[in-house]
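Below, subunit A partners subunit B and then partners subunit C, in two separate complexes.
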Partner chain A sequence: MAEGMRVEPDLNFIKFLKNAGGDTLKKCYQCATCSVVCPLSSDDNPFPRKEMISAQWGLKDKLIGDVNVMLCHQCGDCTAYCPRGAKPGDVLGAIRAYAYTHFGFPQGLAKLCSSGKNLPMLIGMPILLIGILFFLANGGMHLPDAESFKEVGFGHFFGHWDLHFLTKNVVFIDAIFLPAVAFALFATFRGVSNMWKEMEKSVNADTTFRPSALQFAKDFLWPSLVEIIQHKRFNECGENKNRVNGHLPLVLAFIGLFIVTNYAFVVKDIIGYFVEGLHGPIALANPIKILANVSAIAMIIGIAILWANRSNQEEKTGASGTFYDWFLIGEIMAVGVTGLGAELLRLAGLVTPAYLLYFMHLVSVFMLFLYMPYTKFAHMAYRTFAMAFEKYRESGFVKQ
Partner chain B sequence: MDKKYSAYICTGCGIGDAVEIEAMTGIVTGEMRMECKSHQALCSTAGRTMIEKDINDDGVNTVVIIACSPRVMKDEFDFGADKITVRVNLREQVAWSNGADADKEYVQEQASDYVRMGCTQAKKTDLPEPYKLDKELNKRILVMGGGIAGLTAAQEAAKAGNEVTLVEKEGKLGGKALGWRKQFPTKAPWSELEEPSISGLVRAVEENSKITVKTATEVARIAGCPGHFKVSFKDAGTKNEWDAPAKVGVDEQDKIAKGEMENPNNGLQAYTDADPNAEVFGAVVLATGWKPADVSEYEHLGYGNFKNVVTNAEFEKLASAGKISRPSDGKLVESVAFIQSPGGEEHDRDFPYCNSVTSMVSLKQAKYVREDNSDAKAYILYQHMRTPGNMEMFYKWAQNDDGIFMTKATVTKVNEEGDGSLSVEMKNTLLNEDLSIQVDMVVLAAGMVPTTANNPTINLSYRQGPAFLDLDMFDGYADSHFICFPYETRRTGVYACGGVRKATTMEETIDDATGAALKAIQCIESADRGVAVHPRSGDSTYPEFFFQRCTQCKRCTEECPFGALDDDEKGTPLPNPTRCRRCGTCMGACPERIIGFKNYNIDMIGSMVKAIEVPDDDEDKLRFLALVCENDAYPALDMAAMRRHGINNLVRFIPVRCLGSVNVVWIKDALSSGMDGVILLGCKYGDDYQCHFVKGSELADKRMANIGETLGSLGLEPERVAMRQVAINEFNKVPEIIQEFVDEITALGPNPFKGF
Partner chain C sequence: MTDERSAPGSGGVLVVGGGISGLTAALEAAEVGNDVFLIEKNPYLGGRVAQLNQYFPKLCPPSCGLEINYQRIKNNRKVRVYPMTEVKSVDGSAGNYQVTVETKPRGVNNNCTACNACVEVCPEERANAFNFNMDKTKAIYKPHDHAFPMKYAIDMSACSKCGKCKEACKYDAIDLEMEANTFTLDVKSIVWSTGWNPYDPAKMDNLNFASSDAIITNMMMERLAAPGGPTGGKILRPGDNKEPESFAFVQCAGSRDENHLEYCSYICCMATLKQITYIRAQYPEAKVTVFYIDLRTPGKYEKFREKLMSDPNVFFVKGKVADIIPSDDGGVTVIAENAVTGEKVQEKVDLAILATGMQPAANQGMGLTIDSNGFVVTDEDKAMIAAGCAKKAADVVTTTQNSTAAAMKAIQASRR
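Coming up: the complex of A and B.
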């Protein structure tokens, strides 16, 4: 007799899911209402019904390599229609939270980012880092007078000391943020490739033939990015359709800010090393500044919509509020509000409050970058590659 | 009694429109020679006052009510136990069964026949006299079995004021519940197991001054009848000359006489002999419970081969001894698989004798596993999970527990692995994969086999033998009729409860035992008043025998579904009226026609049949007799009439107590008076029988097959006598059944003996 698949439920996995928003997972009685309403479900793959019972049985290995779990964008239809309040959407979110931690590199930091209990430490670390640097570099509090503040803005935040034409500020920011970004990118790469391997395992992909990097980018990654920008899948949602009103501006805001940041990096940090005078605040009428301000406003509006949306959903469907969801919402809101706030206070010439907000802005941006691979923000990378995997799975490389 | 008759015709409810009342009055006063009055609503105060005035002023004592069905207006037309009331059903069977387009002449003839039949019935009916036991009636109740069921029954009967004797085979009271670790939840939130309550119950019974407890004691035999059972006790496990003798029928007696077979009752007192040391009781509650089923036949599950495969009963014992550890090496259990269905890929049935109890036991025992070790896993592999009532909440609790994993599964194999662990292989799971799990122990949901399955248990000293009859129909459960008459058995005065009746939970058992105790009291009180206990509760008639003409053929004795008849010393049937349920099966069986009731007998029904006028020169006016079971088919006819389904008006209906009471002479009467066909409408029989008297319609079917042969030899088509099964809810089918029969006979042509 052929032996069946040997299963060994993982009680700790179940406990994790229950703490991460999936507290209702055991209620599922496999009626498949969720599979009927979910646009991701197909005839031979009843999603998320199967994932629900796998979760109930603590079958971690089956779930972390499940591409559908990553493709789910938590529209909430399943949760709204579930007749027993098992909230499949929230369970899937919890599985993703587990996956980000599971795939995360290094594990210590990944685990730290998985629980609200660690929030003081998560905020404390950048405060200490930036605060100590600020004090050390600045030799204690040294606020500029209103006149020079108008001219240099936050250019002297870390004290005044020019390396060639570079402000001390730029040097310090680069010294803090460039390694953080590099580290986050590397960690994301490690995490995503872990996920990719699990997904390949789960579909028993034959990896003899692999696409070239170019092929991969052209055939799988680029179409996924296009799809993401268009928000096609969001529009398939029934229950939570207006979430797109928040998510789309937010994505566009991030793209805008990405452009602005890169522009600033090139102009201020690279060209500014050689050419003098590129370091003050950019004029408000400058197209780049306009893009920056519009993006900042879009970001605040977008995240506010998602904030309201999430609250409504929790109220309406009884979805559970989790650290996993709210950390990202709070985080983005903090980045937006502190950034724009610092700018407004600067324009108003209020030095002390402006400095305080700027400090908070640096802290929140640092957190956004460094914790990106382990928090909900990681969906940016994981989901993009999951969509690429979905296309890869259907391609000739896997299906022969 | 000197009968003074008077008939009353009601013209209300459409009767007056359907038939000519004056013509009917003429029949009553003319050929039937009775007073006759009519009223537009007999059931109204004015109508009843008219009748009561005749009763009081003119001494009328036999009243014929020509109105609606005898199933309705029972209180309105009750003129006291000292009056005879006969009901003629013109409303349902004539007015409401004929359409507006029915031929008036046919309808009038139909109504006239019913009036003749009703008046004839009145003439042939006598006032019943309740049967009085010739021995002193005893109101003590014997409870057999000292488990939850028996203890509860004893307590409840004592509460109602009856003396009780409780016998228990084991050395102490408590039964199976003694070995339980916890009990099912009985209150919200239905997730907490409860401490066993059995010791409290045992104490209450032992302290009750109305209850005598006999432990380590068995019942050797029970002789006698309700109101006067003579019970012989013996020490548990011993043999005794007063043990109940096996049934020795007529054929066996022959063989024993010829030396062809050994008497199985050698060394035992005959069933008719009286034990001088017997104690007397009025009724018996049978609460002997169940035994854990043997599951070694399911080889693929490894019971008997692998030490760590146990039954649920064995697991309970382990659990009540302390933290659950593996039988093979005493290791604290970390994972247990509970297997509910043994069929593998052959079938999905649960273990035999399961019911919902074993589903719930598996949930309870899974909770033990989780309580003993918070890292432990309990798997429940089921084909059916049955948790009735509030136990659904307990099921939900189990579903929500992190460490309880449930799936529908076809378990194909249990294997032992090196260290005593077991692997369980399963298919068709909810995970849509064939699975294999490794566990420390496997628990099989073995069933609860009733003690009556393999043993007479009740040990009656009756001519029909010591056991309940036909228990194979109920897989050995001691019950005659689950749904309609719970607790009743095939032996009047013996009431079953708890595991012997059905696999029950403790709560159900307590309800059951209370019901059975009350039923036992009802039986004693009915015997005291000389009336039937059930299902014809309160019926004060009973079968009377004209023994001078008895040929000792013993058909009545053999065919009585309730073993009411023994033999006397000479071999003549010896009736025990308190055992009798008044179905009349003996009357239907008797070829000498010497058995009858005061208000229901061979002559009465025969005369009613003969009162039907059969035109002998009109080929269109065929006549059919329908003998109708009054418990199922007759109500179905009434309902068909209420819904105006239309019933063929060539048919004349006579309700009978049970088709078992139909004597073939009535059929001969009908056919010899020129009627063209006789149809018997009885209830369903077979595995899901609906007969109030268990065997009636089945017996009738056999008897009709026999009569068919006789008809054939007379040159009559056997098809002219038919039997059909009708359930009470088949009112929409019954007109069709009748019409088909009429059409079939019409095609055969009229009865060739018409007019002779």
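Coming up: the complex of A and C.
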């Protein structure tokens, strides 16, 4: 920097940050207290002081390729000790929100997901899609009688036919969700690989020698996943440590539900095509159903703890809630409550409310999947790969 | 402009606090003919300046400037000095205040010649607040070497009233049964020169002040370097008396921090540079590192900074210390991020000095207007005038200037 550098601030970037919870950004006077009190910041690459000045200067390109932004767990230790109330933790959160939008594909959808103003549209689209399909498939409002509801549950939600053993319901569910998931996975892959490229650029990595996919998975990705499951970094947080109590059950719940969903997909949608009788509700005593119910409860408890935690935090620090944070909390809460609620109403035999809640469950799950790459939920992928990048950066591939 | 109601010069002024500000304000008012009551909480005058080893602008020992003022007080019958005295309540209004004050029992009267016979026989000890509790005195003690008035005092909370000092005193100067004396002063205006306290370093929990003897404050450093201090002027590490080979100065310890003191305490940068000269005088080879956010060396002090920055063994790191870890050998490691290189610095030193800031001494109540940081706001209509560091964080030069101004305002207010 001795020869000086020309700063070309991206004003829209600064504006975005200010709206996304980083409104205190300009208060920072670069004392570097934050970098020392941050339990996650390393000796060679301390943060978030550097990120604060880059953000003040509007150096967007520097920040989107900055691994530290993604490594930050927003413990809030820096915010607590900040002598100016600049809230570095919240600013880094806002930069992450920006990065998810920046790397999002397609851009239109990513931008749509970045603002609370679009909430009616974000909820309306899946309601419309699933609602129309429901009407088309069902030929209008067609609710089962109590007797058959008890037997088939939501199995005839999208109507019924006899195409071998493949139910009409499965076809429609798959028709809606498989493309949504595939789309989200593709968008995430694109976003994460673009992030990776930016990060490589930022450390001037020589890319002549790259790890093989296996090497990458074994040396960089797997250790990161282990760290995540153990909540190693969360546990280092001082100020906001009790988030682990919410985040850990939530992560385990998602893993549990991932297993259940895959089981159901394989058994009902694939094996069910050849074998009869796999389509009704699974018995409550079935181990897979137990896993599903335990996970659902863990999900609701976990997100409730995080909900309370964020409310308290905002009250304590006087931070204003952001769409970025609350949208994910709301989404997960909606998935958990509608899912468990629909099941309970089904067991109670209340057809109409059960159908309504099940419909809302489909909508909320669809939203969770489709918007994953652009909302805070994206941290699942971006932070995981950032942690892998941190290890990659320290490895022989980058460091000579 | 003659005022019929009071003859010129008869408007009584009360000055609360007898540090360099109070002394200045009291003398300026008295020397133009006003009656002045100067009350001081401590058994001696001189306040924080008396605790310094050297002070700006000329790096004199405090006796230098203070003794001239003591002389002026001795020679001026218009000033009445009440040590060990505090304000209890303020009644009345501008031009007609009744101020109730209380003088604590000193236990020693004017017969005292400071012969020290009492101290030799006293069996009780007390922590010496003048030296920031780094040493002890007997329960009967000389406030400090340059104390004015030069009279001993008894710390009644430490005294067991055994009477040995009374027996040892040849001058009948000791009265163990002395009681607190409450009385009322009629004054027309009040100058508040209540000064400041060093900010409590224990409040910065990340600096771990209590965890090691190797962490001291800048005011403790003054006492360590002062000839009358606990080490006789030798800078030694408290606890093990090691001669430190390395020092770290932690600037803005509690200042410019909305969690502590929101404002810049103004003096700490210069105090640190001054203290480096103390270190250099005693340890020509010692390594000194200063951790700072910004170095504020106003006006002509720029030259002073340049001189110290050219010392090859003095290092300046831009980055605030946010963690201090004690080590087994009695030293400490201070941790900061160097904002110029972008790397974390872990500096192991024998002694860390926290440049703690100025907190205005509590002035709540008494009908004063206090700003959000605790400083007194002058209210001329109420004849309540702020002076010195009760008004704002400042160095001695600024303090004496604003105290002279305060004296002028007090005189004007008393003649309205």
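Throughout what follows, the second predicted complex is superposed on the first by the 391 of 400 C-alpha atoms of A that agree within 3 Å, B and C clash if a C-alpha of one lies under 4 Å from a C-alpha of the other, contacts with A are read in each partner's own complex, and residues count from 1 in each chain.
The criterion applied here is as follows: a contact is a pair of C-beta atoms (placed from the backbone, for glycine too) under 8 Å apart; a residue touches a chain by one contact, two chains touch by 3 or more.
Small disclaimer: the values here were computed from a predicted structure and weren't measured.
With both complexes brought onto subunit A, simultaneous placement of subunit B and subunit C is prevented by a clash.
When the two complexes are overlaid on their common chain A, residue A:Leu347 makes contact with neither subunit B nor subunit C. Contact with neither subunit B nor subunit C is seen for A:Leu136 once the two complexes are overlaid on the shared chain.
After overlaying the two complexes on the shared chain, residue contacts for A:Lys50 are found with subunit B and with subunit C alike. In the superposition on chain A, A:Thr33 makes contact with subunit C only, while subunit B stays out of contact range. By the touch criterion defined above, A:Pro83 reaches subunit C but does not reach subunit B. In the superposition on chain A, A:Lys18 makes contact with subunit B only, while subunit C stays out of contact range. Stretch 728-736 is the one of subunit B that runs into subunit C, the other listed stretches 26-34, 152-160, 656-664 or 728-736 having no clashing C-alpha atoms.
In the superposition on chain A, the residues of subunit A touched by subunit B in one structure and by subunit C in the other are 29-30, 50.
Subunit A contributes residues 1-9, 11, 14-15, 18, 26-27, 29-30, 50, 53-54, 56-57, 59 to its touches with subunit B in the complex. Note for the complex: subunit C touches subunit A at residues 206, 252, 256-260, 293, 318-323, 335-339, 342-344, 346.
Residues 29-37, 41-44, 46, 49-50, 81, 83-85 of subunit A are the ones touching subunit C in the complex.
Of all residues in subunit B, those touching subunit A in their complex are 375, 377, 396, 399-403, 405, 407, 412-413, 423, 425-427, 430-438.
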